[in-house]
Amino acid sequence: MAVLTYRDALTQALREELSRDDRVFLMGEEVAQYNGAYKVSKGLLDEFGPMRIVDTPITELGFAGIGVGSAMVGLRPIIEFMTWNFALLALDQVVNAAAKMLYMSGGQFPMPMVFRGPNGSALQLSAQHSQAWESWLAHIPGLKVITPGTPADAKGLLKSAIRDDNPVVFLEGEMLYNTKGEVPEGEYTIPIGKAEVKREGGDCSIITHGKMVLVAMQVADTLAKEGISVDVVDLRTVRPIDIEAIAQSVQKTNRAVVLEEGWEICGMGAQVVDFIQRECFDDLDAPVIRVHQADAPMPYAKNLERAAKADAPKAIAAVKKVMYLG
Amino acid sequence: MAVLTYRDALTQALREELSRDDRVFLMGEEVAQYNGAYKVSKGLLDEFGPMRIVDTPITELGFAGIGVGSAMVGLRPIIEFMTWNFALLALDQVVNAAAKMLYMSGGQFPMPMVFRGPNGSALQLSAQHSQAWESWLAHIPGLKVITPGTPADAKGLLKSAIRDDNPVVFLEGEMLYNTKGEVPEGEYTIPIGKAEVKREGGDCSIITHGKMVLVAMQVADTLAKEGISVDVVDLRTVRPIDIEAIAQSVQKTNRAVVLEEGWEICGMGAQVVDFIQRECFDDLDAPVIRVHQADAPMPYAKNLERAAKADAPKAIAAVKKVMYLG
Amino acid sequence: MTEVLGRGETRKPKRGMSNKKNGEAPDASDELALRKDLLRSMLLQRRFEERCAEAYALGKIGGFCHLYIGQEAISAGTCSVLRPDDYIVTSYRDHGQALARGMTPRSVMAELFGRVDGCSKGKGGSMHLFDKSVGFLGGHGIVGGHIPLAAGVAWAIKYRKGDQVCVCFFGEAAVNIGAFHEALNMAALWGLPAVFVIENNRYGMGTAISRATANEDVAARAAAYRMGGESVDAQDVFAVRDAMGRAVELARKESKPTLIEMRTFRFMGHSMSDAASGTYRSKEELEDSMKRDPILLLHDLMRSEGQLSDGEFAKLDEEQKAICQDAWDFADASPEPPLEHLMTDILVDTTS
Amino acid sequence: MTEVLGRGETRKPKRGMSNKKNGEAPDASDELALRKDLLRSMLLQRRFEERCAEAYALGKIGGFCHLYIGQEAISAGTCSVLRPDDYIVTSYRDHGQALARGMTPRSVMAELFGRVDGCSKGKGGSMHLFDKSVGFLGGHGIVGGHIPLAAGVAWAIKYRKGDQVCVCFFGEAAVNIGAFHEALNMAALWGLPAVFVIENNRYGMGTAISRATANEDVAARAAAYRMGGESVDAQDVFAVRDAMGRAVELARKESKPTLIEMRTFRFMGHSMSDAASGTYRSKEELEDSMKRDPILLLHDLMRSEGQLSDGEFAKLDEEQKAICQDAWDFADASPEPPLEHLMTDILVDTTS
């Protein structure tokens, strides 16, 4: 297996799918001449030309809608949001148009499209540029929502997303783009909706997704040294959620910590807790504990930002607490 | 006490607060000359004139932002969305501007404003006009989110919302406007963030809010006839949530059903379940069961719409299930 | 860029020139057939929606229902210059356009009744009519939200190097919303084969255009995007045909978009719960506007030129009424959707 | 409505007419003082941001940091015609305007360093500078998102029957987004005392205006809202003063908004991670634009008219550098915010 960055894995997926199907095109701000604000589309303009790799004005609502319209007549747009913070302006098109078109039309108009871009916080970008939207998007029937945490998942799931005939929300991590990992050689895809146990363990489950997968792995490493073995379940897709995988892990460990990047109230973690108490009520030896961002807008100051974010120390404390070691 | 409709209770609250403080104004589509799409602002233009009761073009994003700007310099806008479905277009102003201004400015700019309008589904308005957004809005730090279910709560809480120096989201129910209830005479307010036990019971708790409060009361009536006594906890405010009131009820009944209007995944109910399992882990005799809208866009056809909505029969079945009577 | 006509003037149309063969003069029989067909189309829309009002009163139609009565010349004139493979994207006020485009009255009425034989299986209702077979891409409920969709359809046409055209209808109040602005800029910037049709019936719900729009000359907005703009007396079906004919050709041949203001009237209330007059517009204003009923105008013209006897008109009218009765009966007989349909059409399980 | 100048022409400004007393001719000493003050303001901004670049390289400033270097005549000229009780709302490219408006270099630098003595207590950072005491209302990060805010501030002025003015700055790429369109329509419709200033530095990040905007004559968009529009050579601080002086008066006296295109250049990259030239713009283009450095132009003018010796200029420059060094030292010495601050300023606990 080759070792690639998360960014290069995404670029490979885009290149392969653009080559495979000429109905696929990439549209967004700075995706073409600038090679992408985060260089995910590097080289694609030269390779595929200006009708396939399309720079737009700063009009998230407008070009998201253009993607929807083009999908109604059979194209397969990939709409890039420079970051999901700006996608707030486009949610009407994602939620009221893309997610409902098939239903409102009685099955006549599927939406074979992808909305993608970096989600969540990076470093010191402060309140308006540091938001994680997976819980909002997972709330919406008619969408699929993917949150890959590793280069291999990023590539395999993006390819599946592009081939899927439904509107797929694909949430990347700005802080993940430079992370490296092994990626299978050649053609492969990863099924949407299937979680992966990234680490086997018996003492406690950590259910997580996206950017927090790396954190969970650090936690598992650290705790292993203390003789605590953690089962790390990476949901990978948050809509639909792989309830079975969650249940299997918790039935094994009888303890769970749910780790996510975003805010607490009505976050993904709350939904995972709901599934756990429903499916594993009699298996639980302790209440499920959640780890998430502080319930505040993201501050700019380095020290405050660090304090606000979900991280390994907080997750380690949570694991010890559910194990009554705290 | 006088018996008023939910609509008239809201109109009273608006009139009283407009009279009390001339920094308060109401702005939105059709609020003035048309007396409001749902007549909540009936008569207010004549009474307060066109600078206090302001009709806007169809530009949700724009006039929400105008409200934010005017609040920055000390006015107290009440921004009416004709329905919250359209507010999707304005969420950037609600979330990125109103909710974060105080924090981003280091405490310099409070946002004394209210965003209000009907939320959720009515009758056969189909997919784009039948959405309940409380779980999305409750996710956001920097906001308060209120969901009154009765005329008395609607009046007392709207008055509190208008007087609050923070941005308050106030979610009404189109189907509630014509419902009647006793409303205290004269001046009163209801504290934001306090739940109310609308019915005392010992066998099972129903935790709910907004439009579903009436449904929960029907459920309690019906089950009472079968000798089942239900404790109905009306959250009234979903951000902040009155965790104590939830815990007290569940510690008493040891069983809970969470009833909400909206979709399941990452819905308010999931958050309530999280609080319950955290606060009442050892009190629960059965997993908490949730009742909510079907995980689908809202269909137009009468029979499908009925099947999609959370209602009394579904809630009754849930109560019996948590009581192992089902 | 084509000229922008000021508020007063409107271009005099060549009366009913069928532009099927450019330049070449049409013969008289074509001409008569065209006029009859335009009259038929407008009558069908009118009679159909009269029945809708009736069905709504009986509770057979629910939810929001926005009638097109008074505006039929826009849909009839527009559809008369479109090709079968062209596309239409429109708002919630979509019954008339759906019928003019050739959707069957049966499938539309069944949709309004919320029945399984409706064009959208009863799941969409009045605001969400769709028919892939005639390129009718909805029926959308968020003001302005469908304008970017139309630009996207036009983008797809250009992407495929096709020569179809996408026509987008919306009300005059929609010109103030961001989606309109963003979509028109991109359509002009990229040269997309679209025609953006403002149906200016002078009111957005209860708000007169002058209370919502700083510059009432909405066609002049085209200049902000270096796009052609034009204003048309849309009670005259031939004026509509003429302007749309040119705009559609410009889109088809040169892939250039146009913004057209159709000056029209809504003879009914905004929706079924809104009175036609008395609150925000006077009875006089409404009655004045009704003197310019597009059906009346065409009927008078044909009568004055001896092209249509009263008997012929009555016959044509009866035919449309019969079609609407048939649609009603069909819809009434159609079953409610089976409950399983609640959970279908949310996602497809196919991949490419 | 004031005329819209075409792409080529720009109005010849009366060289540095101080318009504090309308009509009445200013005396020479006023005139010289004004010129010196404009030069000082621009120099302060320039030197300050040069230190920002240095601090960013050292990791003392983090996140996104957008420099204003090259555009200083816009902030200096604008602020020279504003009253202390007027308001400014701007984008993330806000350092220069904050200083020109009179925010202390110390509070700004401390904010950039993320320290507790920053104007926003270190919680906002570069993109979110706020100072209530001088009517500086941010510092906003969503393109176009602050334009409705400015209209709202102007609405509040009108609501209170005040005679202040709200000036809103944004880049040329922001004219394509919906919020711009919605806000300008309402500002014109309601006659709000605002001036909307397009800082046209020709690029939105890496996208040249011609690739994003169908009609590059962005001032002409004013016509879509029946609003006055004008284009200004914004490297000439007097041209800025002149145009802003008239627009501010129109807003103050007649409560009418204006849209002004300030033609300028960004001498640096879009943000610290973006190269000034080489990718989307050529070295030549950048160097050409630098010949029109607003500081250079004013300096040359004053020298040529014998108003400023090289010694005087050097002294003025040294003073600004000293102020910036002081700001740096202050920021460096200021402590990080205490951790409790993470959970403060989320909500206030007051009511009216």
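Lettered A, B, C and D in written order, each chain numbered from 1.
Convention: a contact is a pair of C-beta atoms (placed from the backbone, for glycine too) under 8 Å apart; a residue touches a chain by one contact, two chains touch by 3 or more.
As the structure is a computational prediction, the values presented were derived from the model and not from experiment.
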| item | value |
| --- | --- |
| Winner on C-beta contact pairs when A-C is weighed against A-D | A-C |
| Maximum centroid distance from subunit A, chain identifier (CA atoms) | C |
| Computed distance of Cα centres, subunit B from subunit A, in Å | 30 |
| Whole-Å gap between the CA centroids of subunit A and subunit C | 41 |
| Subunit C and subunit D: spacing of chain centres that average the CA atoms, whole Å | 46 |
| For subunit A paired with subunit D, centre-to-centre distance based on mean C-alpha positions, whole Å | 38 |
| Two or more partner chains touched - positions in subunit D | 120, 122-124, 128, 140-142, 176-179, 182, 185-186, 189, 211-213, 346 |
| Residues within subunit A bordering two or more other chains | 56-57, 59, 61-62, 85, 88-89, 92, 96, 103-104, 126-128, 141-142, 295-297, 299 |
| Touching residues (chain side subunit C, partner subunit A) in the complex | 87, 89, 118-124, 128, 130-132, 137-142, 145-159, 178-179, 182-183, 185-186, 189, 344-348, 350-352 |
| Subunit C residues touching subunit D - in the complex, by the definition given at the top | 176-182, 184-186, 188-189, 211-215, 220-221, 223-227 |
| Residues on subunit D engaged by subunit A in the complex (per definition of touch) | 62-64, 114-115, 120, 122-125, 127-128, 140-144, 173-174, 176-178, 204-207, 211-213, 279-280, 336-337, 339, 341-343, 346 |
| List of subunit A residues in touch with subunit D within their complex | 29-30, 33-34, 37, 55-59, 61-62, 85-86, 88-89, 123-129, 294-297, 299-304, 307-308 |
| List of subunit B residues in touch with subunit D within their complex | 21, 23, 25, 51, 56-57, 59, 61-77, 92-93, 96-97, 101-110, 112, 141-142, 144, 160, 163-166 |
